[in-house]
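So, here come the structures, one by one.
The two complexes that follow have chain A in common; it is paired with chain B in the first and with chain C in the second.
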Partner chain A sequence: MPDSISLSAVAKKNIQRNPGRSFCLIVVVMLLSLFLFVGTVLISSLSGGAASVANRLGADIMIVPEGFDPHVDSILLSGKPSTFYLPSYAFEELEKIKNDVGIEAMSAQTFLATLNASCCSYPVQLVGIDFDSDFIVKPWLEISLGHELHDGEIIVGYHVAGYPGDTLQFFSKNLNVAGRLEQTGMGFDSMIFMNRATIAVLAKEAERIRERPLKNDGSLTSVIMLKLKPGFSSTASAIEINRLLNNKGIYALFSKKFVNSISASLITISKILSFSLIALWLLAIVIVALIFSLSLSERKKEMGVLRALGASRGILIKLNLTEAFFVSFYGAVLGVTVGSVLITVFSPGAVEALNMPFLLPSKTKLILLAVISDFAAVVTGVIAALWASVKASRVDVHEIMR
Partner chain B sequence: MKLILKDIHKEYERGGKNFTVLEKINLEISQGDFINIIGRSGSGKSTLLNIAAGMLRPTSGLVELNGENLFLKNDSALSLIRNKKIGFIPQGMSALPNLNVIENIILPSYIYPSREKNFAEEVAARAKDLLMRLKISELEGAYPSELSGGELRRVIIARALINRPEIIIADEPTSDLDVKTSAGIMEFFTTLNAEGMTILLVSHDLDSLKYGRRVLTMQEGNLIEGNKL
Partner chain C sequence: MKKLFGAVNFLSGLFLSLAPFVLFPVCDTTEKIMGCYYSGIFITCAGIFIALISLLSLFFSVWTKNFSLVIISAAALSCWLVPNKIIELGPCGLCANPAHPCQASTMPAVEIIIALIFTVCIAGIIFNFVKGDFSSRA
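And now, the complex of A and B:
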């Protein structure tokens, strides 16, 4: 290979041989692309979680003990465990008004929180479901069980370490894993489901262990999920149920309400994120522009020499922008790489910390976000260098007369 | 090759006032000339050379290279002429610090690289030849910061020659060098000129006076024939 030196090779050598300056530039662009990537992934994970949470939940209305709706929020959305019960007459009361408010299906669930379990490093929510009438959990099964959910069998959420054939112990009872759920992006992901007979046994055991009696009349129903007939609005029906069953200690929540409360916090988070991203972006532009301007004014003589050797203004600008492109490119790729690692390591924790539904975008979308972040960071770097490059191209010939 | 400077007048502005550096310069440089311009520091030699090389626009007057008025051209066209036809040696140390010796030398060829098949080989061969002629072959991979003043000047001379220009314009190519090194470089120019290269150079040490076919003195903004120092 004969010796050769393309203009982009000149740019690369300028980068290599100014390690201090290049390092600063790369770090600035890296931070920019890192925050762009992580920020956009965060926003889209949250909105991905929220947008379809109503669909995921599968219920139009949830009946919960009066005053417990905040608990329900955190159970369903982030899987924060809690134990509470509806009055025992709740099911019958609902049966009575079933046709007035348009209830098509009802399924009761029992919530029982554990403090420690063999499977998990954090407390989990045990949920007793009526497998027959259930329309909430079944759709999420990875593989259909092909049979009833027997006593002593459990279905585990996506984040629970337990596979068909494994045994997990709760309240000193051994339970067999019969199936797993797909990822839902909701609290389901860290829950464990069983039939209501099984959870009743566990609840008794829990009572014994904690030496604390059940707080009300022995009912083991925590929530009742309702599905409405077509044509009935969940808002209107929930209001109607609350009116009809006023003062009975039960409360109808329509699932839109979750979405609304999620959206509100989501908007706040997005706003904060976008604001920080814009601030960071401006800062990056200023810093990159400054570093370039300083280093180019230090290299005025070099620019003058290039002019003398026959580089036109355009070529000089191109050379400096190529330099900016390479440092920005290295920085951007580094940023997205670091971002990907952070997301992989920390996104499971984010679900808990944020108390919001969190669903990572699909691989394709992640790659797209990575490419967009890279692109935006590179463009930013190059644009920031533009002013300094144009200025440098107007170098005064007197620089080479000294 | 013909380079003509016609009624060149140059004024600078300093402290809000204009002052004249070049009064009225007329100079014709023909193929095979070796012109050595001397003059005190600050007399306007560099200004004149930069105007002659199409780097600096005169206040009035014109510069013609082979009948073409350089300052009527746009930046791209003028840059191309500088690259292809003029081997310019700026005053002082002008090697690019981030490129090694061989890269510095071949750089002018790669500002407008040709698509021809053997382009890289040809440039490399020319560079090797120049390195040899200037006796700096062993410095190929060294960086400018590792070279002595004399070695650096040789690199820059090789760089000026790589595109086989029609004229070499050199601004004090021997300044800050010891007598022996200066002599070596001036000898090299003399040999080049003997081979047919046209040379316009500026010097300020009197030792260089014996070189060049024609000596001119820059005085009060005018060129005077002979050594008037």
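And now, the complex of A and C:
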């Protein structure tokens, strides 16, 4: 059979014969697959980000200066630079009540925000880790590095410019980049890690440049991470610490509160997105069905001629469904392509825009999501056209040709 | 219609090439040449490239096919990806200070032009399909 009268050739000619209608149909399917793909990736990325936070916040309780808990949230979430210090007696006070609240391990961290020195540099969060006592950052930091950080060495987050072997300058001190972290979808991506000896040197230099001490009592501890003994509840212990150390400028923050608040926001966003996707899906089915129905009503004579020429009802249905398949396939592929572009363009700024941890799925999962979105959009388009096609195939040849 | 798409892309390409140094200038160069200056050069070159291909599409129908629209949209998108360092290209970048001209005026204008070019290209690709230009045969 020559190509010109094959089913697909006739379907293509039909698409080209009414470009306005075909254009609208493609745009509808394109928007459906676009939102389907982007929406699913968004939900998946937010879930991934929340899981990443839960996995990496290995501390049961964080001890922060009183009134600074929102700062800790923004540091952990988006890496927003901040400099604050606990009173110098914080460690001693915690040692005194260690057994009462079930503290198993304590590790101090030092935060230091760099200066906005010139137009092309911007403040980043420096974090000093006590490698002797650390039980949180060290395990996954060592995966990237393979050994402990030496003095003058740093590990940079995923979004910080700098590669192993490079030298970065902070507070007039040159530091060697020893490694880069994998993407975490949270504040760690914008942070720079070093040992506490190195950050102490930088803090002294910062005091000299700022011409004032960072903290009057000389403390260089920003947060103390606590690990509880088995059987102790982080909520109950945090409340007990706050009661015992009341009015001492110390506040105990249980990590689950932070993770729970993220999870609660995530559930709300997921619900809104899912509802929007279902509404969009229904809308797409109705619009595609309506446009096909109207189009086939206009083409009753054409259907009658085809029936008179010997085309069976099955052929007519196949012809219309092939047309719907081409239109849906083209729209779906375009939608996923545009969606991929939007994800590439906007995902780097997603953490700040959404104020939530955001970790893109792996490339394999992204490709899988793209294929599923394409498939769903094509099936939607074809199913929406099915009813109109069946109806059009029932045309009465005598009535139409009269 | 294809000529209209070509004309819009030609004008957008022109605006894009003029944006970083004439219409919405990037930051002034002092003794230190900043990343936004190099980004400006990149955007200007990309704008000229887009305008050139669009101009060809006004006179030669072969340049109205999907491959040229894909090239134009890729060039337009690179004007966002390169300054924002999503694609790292030499010293290209932007100033960190949001109040600086490159962040406050150049990039917002460039983003609008990119969005326009990208939308026109997508519309062009759909139009080519419904009008029978299947690009695989182009």
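Everything that follows uses one rule, which is that the second predicted complex is superposed on the first by the 358 of 402 C-alpha atoms of A that agree within 3 Å, B and C clash if a C-alpha of one lies under 4 Å from a C-alpha of the other, contacts with A are read in each partner's own complex, and residues count from 1 in each chain.
To be clear about the criterion, a residue touches a chain if its C-beta (ideal position, glycine included) is under 8 Å from a C-beta of that chain, and two chains touch if they have at least 3 such contacts.
Quantities reported herein were computed from a predicted structural model and do not represent experimental measurements.
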item: Which partner reaches more residues of chain A (counting touched residues only), chain B or chain C; value: B
item: Partner chain(s) touched by A:23 [first = chain B, second = chain C, both, neither]; value: second
item: First, second, both or neither for A:310, with chain B first and chain C second; value: first
item: Touching partner for A:227 - first (chain B), second (chain C), both, neither; value: neither
item: Contacts of A:10 with chain B and chain C, given as first, second, both or neither; value: first
item: Touched partner set for A:345, first chain B, second chain C, both or neither; value: second
item: Which superposed partner A:318 touches (first chain B, second chain C, both, neither); value: neither
item: Which superposed partner A:302 touches (first chain B, second chain C, both, neither); value: first
item: Set intersection of chain A contacts, chain C complex versus chain B complex; value: 16
item: Chain A residues touching chain C - in the complex, by the definition given at the top; value: 12, 15-16, 19, 22-23, 26-27, 30, 116, 118-122, 161, 330-331, 334, 338, 341, 344-345, 348
item: Touching residues (chain side chain B, partner chain A) in the complex; value: 46-47, 50, 53, 55-56, 75-76, 79-84, 86, 88, 90-92, 94, 96-99, 102-103, 106-108, 110-113, 120-121, 123-125, 127, 159, 171
item: Chain B-touching residues of chain A, taken from the complex the two chains share; value: 2-7, 10, 13-14, 16-18, 301-302, 304-315, 397, 400-402
item: Partner chain A, residues of chain C touching it in the complex; value: 27, 32, 34-35, 77, 80-81, 84-86, 93, 95-97, 100, 118, 122, 125-127, 129-132
